[in-house]
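The structure follows.
A, B and C label the chains in the order they appear, each numbered from 1.
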Amino acid sequence: MRPGVITHVTPIMLGQVIVSGLLAGALYAMVALGLGLIFGVMRVLNVAHGPLLMLGAYITYWLFSTVGLNPYLSLLVSMPLVFLIGVALQHVLVRRVVDAPELSSLLLTFGISIALVNLAQLAFTSDLRSVEFLTGSFLVGPFAFSKSRVIACLFAAGITTLAFLFLQKTRMGKAIRAVSQSREVAQVCGINVQRIHLFAFGLASALAAAGGTLVAVMVAIQPEMGAVYTFKSFLVIVLGGAGNYPGALLGGLLLGLVEQLASLFLTTQVNEAVAYVLLVLVLLLRPTGLLGGRST
Amino acid sequence: MPGPILQVRNLVKSFGGVTAVNGVSLSLEAGKIYGLIGPNGSGKTTLFNCITGIERRDGGAIGFKGRRIDGLKPHQVFHRGIGRTFQVIRVFPELTALENLLVVTSGDYARSRKRAEELLRFVKLERLADEYAGNLSYGQQKLVEFIRVLMSDPELILLDEPAAGVNRTLLNELLDAVRALRDRGKTVFLVEHDMKVVMGLCETVFVLDHGEKLAEGPPGVIQSDERVIEAYFGR
Amino acid sequence: MTLATELQRWGRWFLPGLAVLLVILALFPIWATGYGVRVMLQLFMWIALAQSWNLISGLTGYVSFGHVAFFGMGAYTTGILVTRGMPWPLAALAGGAMAVVLAFVIGWPCLRLKGPYFAIAMLGLNEVLRVAASYFEGLTGGGLGLSLPTLDASVRIYYAMGLVALAVTGLTHAIVTSRFGLRLMTIREDEVAAEAMGIDTFRYKIYAFLLSAVAPGIVGGLAARDMGYIEPISVFPLLTTITMIVMVLFGGKGTIWGPVLGAVILFTFQELVWAHFPHAHQVLLGAIIITVVLAMPRGILGVLQQKYNLPRTV
């Protein structure tokens, strides 16, 4: 019997795993919502999404290691700052490929991601960094949940809720949803599509950065940390359906659950392949997402 | 040939919550020109897309020359003998006009080339054979798309808004070409907004409204059908 | 006389010029140093890699972000076979064959997806293979890597790499000037219209993908023999994919000589300048991609093509 492979599962283990999955899922949902916004509004696949998350993590790390700022407070810095970076990227670069063939935007954001990752490497070196802030677990009956994961989930859930309220209730939010449905119709209705693009990219970047900040407390920080989140965010979007914002939420939770469940039966290394296999399966069987959405 | 060349029975196609085609049935006989009209959003292009396999239908059946074709992939539908043009021109911009035609057929290269050159001469574009299709004018691209369909000599030709954005002279040439096709035994089915074209060209006209077949008949009858007038000008 | 006609006049010298160059390259190892041979050998490798990427991504527009997977596959196949006694030329060919098998396994499900989704699927591929290489330790030596018996075959590998580079360029020429190539391009131009015109796009994509895996597989095997040591991180590096992409984009995707041009220029810069500043190097690559996509999407050759009305088959 290989280590890590469990032969039978108790209800307690199952419960632990399910809740852990949901905790992780909330974070995935928040980050994926960002990616989904960019795709929904501009039909751009933002390969640089993960690096934006990485920027958030490094901002948190830097503030923590220089002035000892509470990582959760650094959300107030990382989110607005990366929002502005996102707006700048959109305005200077991404806007030029919004109407180009998808290949162009894919390559462009790929180029941006390389540049960002290596700039981080120049600035911080590839040494692993960490933010030692919160350790230990909450003990609830027979279950133990890592404190940082629970708090990350709470913040993620809160931010995601705010994002959804924004999309539903505010004028700008509604405009974003309108442009996601049909750019032409939105233009005819007098919506300044350019501004929406800028804002959406900024918002998406902020969401990614929030993810980075929350994750900084939990994992090792290094320049290439974002890549796996880019990929998983794509997976969530595919699961939930492109352009289906509530779908991203459910998709994120689903991914979290599947991953945690898989970890019961598979070694950690193979775990990484789970997300990938899931992506290929869903793309083949239900390309419009499990919950329906637009196909490209 | 006995029986209709194309039969559509109770076709249904939805996108999310919107039903674009809601139980449409129609039947085309070989060697005639048919028209499909209806207000914007009535499901005309969706119907075409379902017939050619670009969209997968949700319900109903489509038969061509007596065999079912729903569920086939577009390239398979093509090889059964159905060709189409698109509402928005879809030539291959980075291929030359000649190459646009050559990609359609396989087999004997020399024979394909000869046919391609013939077709280019037919629409008087032979001097533009080696010009990138993306550099051609709108009207020229339209013609290239039209003759591209003819390369494989399909029996049923679907034309999606062939008159859109086309000047008078060119339009007349196109219409003459369509009549010539009919005379050779081909069946032509066209979606069109230009009523004069439809009335002057088609032998039978189908009217779609909100995804349903509203009326069917010769142009003169359709023109004075109250329901059709209502559909176009509102209730 | 316009530049176009000038170039056409020079065009007649192209083939003889090429022949002379090939003779020089063939005789190169006689008077060159070992270092010189290894440098040129690497250049040939990059040309082969770039041309292969061009076959799938340049012609069909389906961006393969994980192409280095075939390189690694070839490397490991060859490495494993050589350690079991197979002569390296045969092992390298086996590497190419295994790469094609991998391409089929991946391509069969993934090429049904539309372009952007395919690209996403390929993004994750690298990671999966790296994990797989570490996982199947018994076979691959896991994270510790695989050592090949020592052998100095630089000169022979030089010729082998050169042959592969030549072959792939020849293959590209044959494809681009054929109806098969035209059909591949229609996939890039307008896949829906291509399907509607009777082109079974899935089948063509698979052909292109399989063809694009052969050279990286063989070249990976040759590189493994040359390096003498393989570990997961060295044969599946993202940097290799990035470099391949930049070379083709820069030189001109979809053309015959674009990838060669891009490979030569970038490789030269790499060796002379950037190798000294590894991180600036990668930032620069990112910047080049951005610049090319925004300013000259058809690469250098594309710009020249437009300006001097050169034929597409250049």
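Here is the rule we use: contacts are C-beta pairs under 8 Å (C-beta built on N, C-alpha and C of every residue); 3 or more make two chains touch, one makes a residue touch a chain.
Just so it is clear, the model here is predicted, and its values are computed rather than measured.
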Dominant chain pairing [most C-beta pairs in contact]: A-C
Farthest chain relative to chain A (centres taken as mean CA coordinates): B
Computed distance of Cα centres, chain C from chain B, in Å: 42
Centre distance in Å when chain A and chain C are each reduced to the mean of their C-alpha atoms: 32
Sites on chain C touched by chain B in the complex: 179, 182-183, 185-186, 188-190, 192-201, 254, 312
Residues of chain B touching chain C in the complex: 52, 54, 73-75, 78-79, 84, 86, 90-95, 99, 102-104, 106, 109, 148, 152
Complex interface listing, chain A residues touching chain C: 45, 47, 93, 96-97, 100-104, 106-108, 110-119, 121-122, 227-228, 230-231, 234, 238, 269-270, 272-273, 275-276, 279-280, 283-284, 287, 295-296
Partner chain A, residues of chain C touching it in the complex: 61, 63, 65, 109-110, 112-117, 119-121, 123-125, 127-128, 131-132, 134-135, 242, 245, 249, 279-280, 282-283, 285-290, 293-294, 297
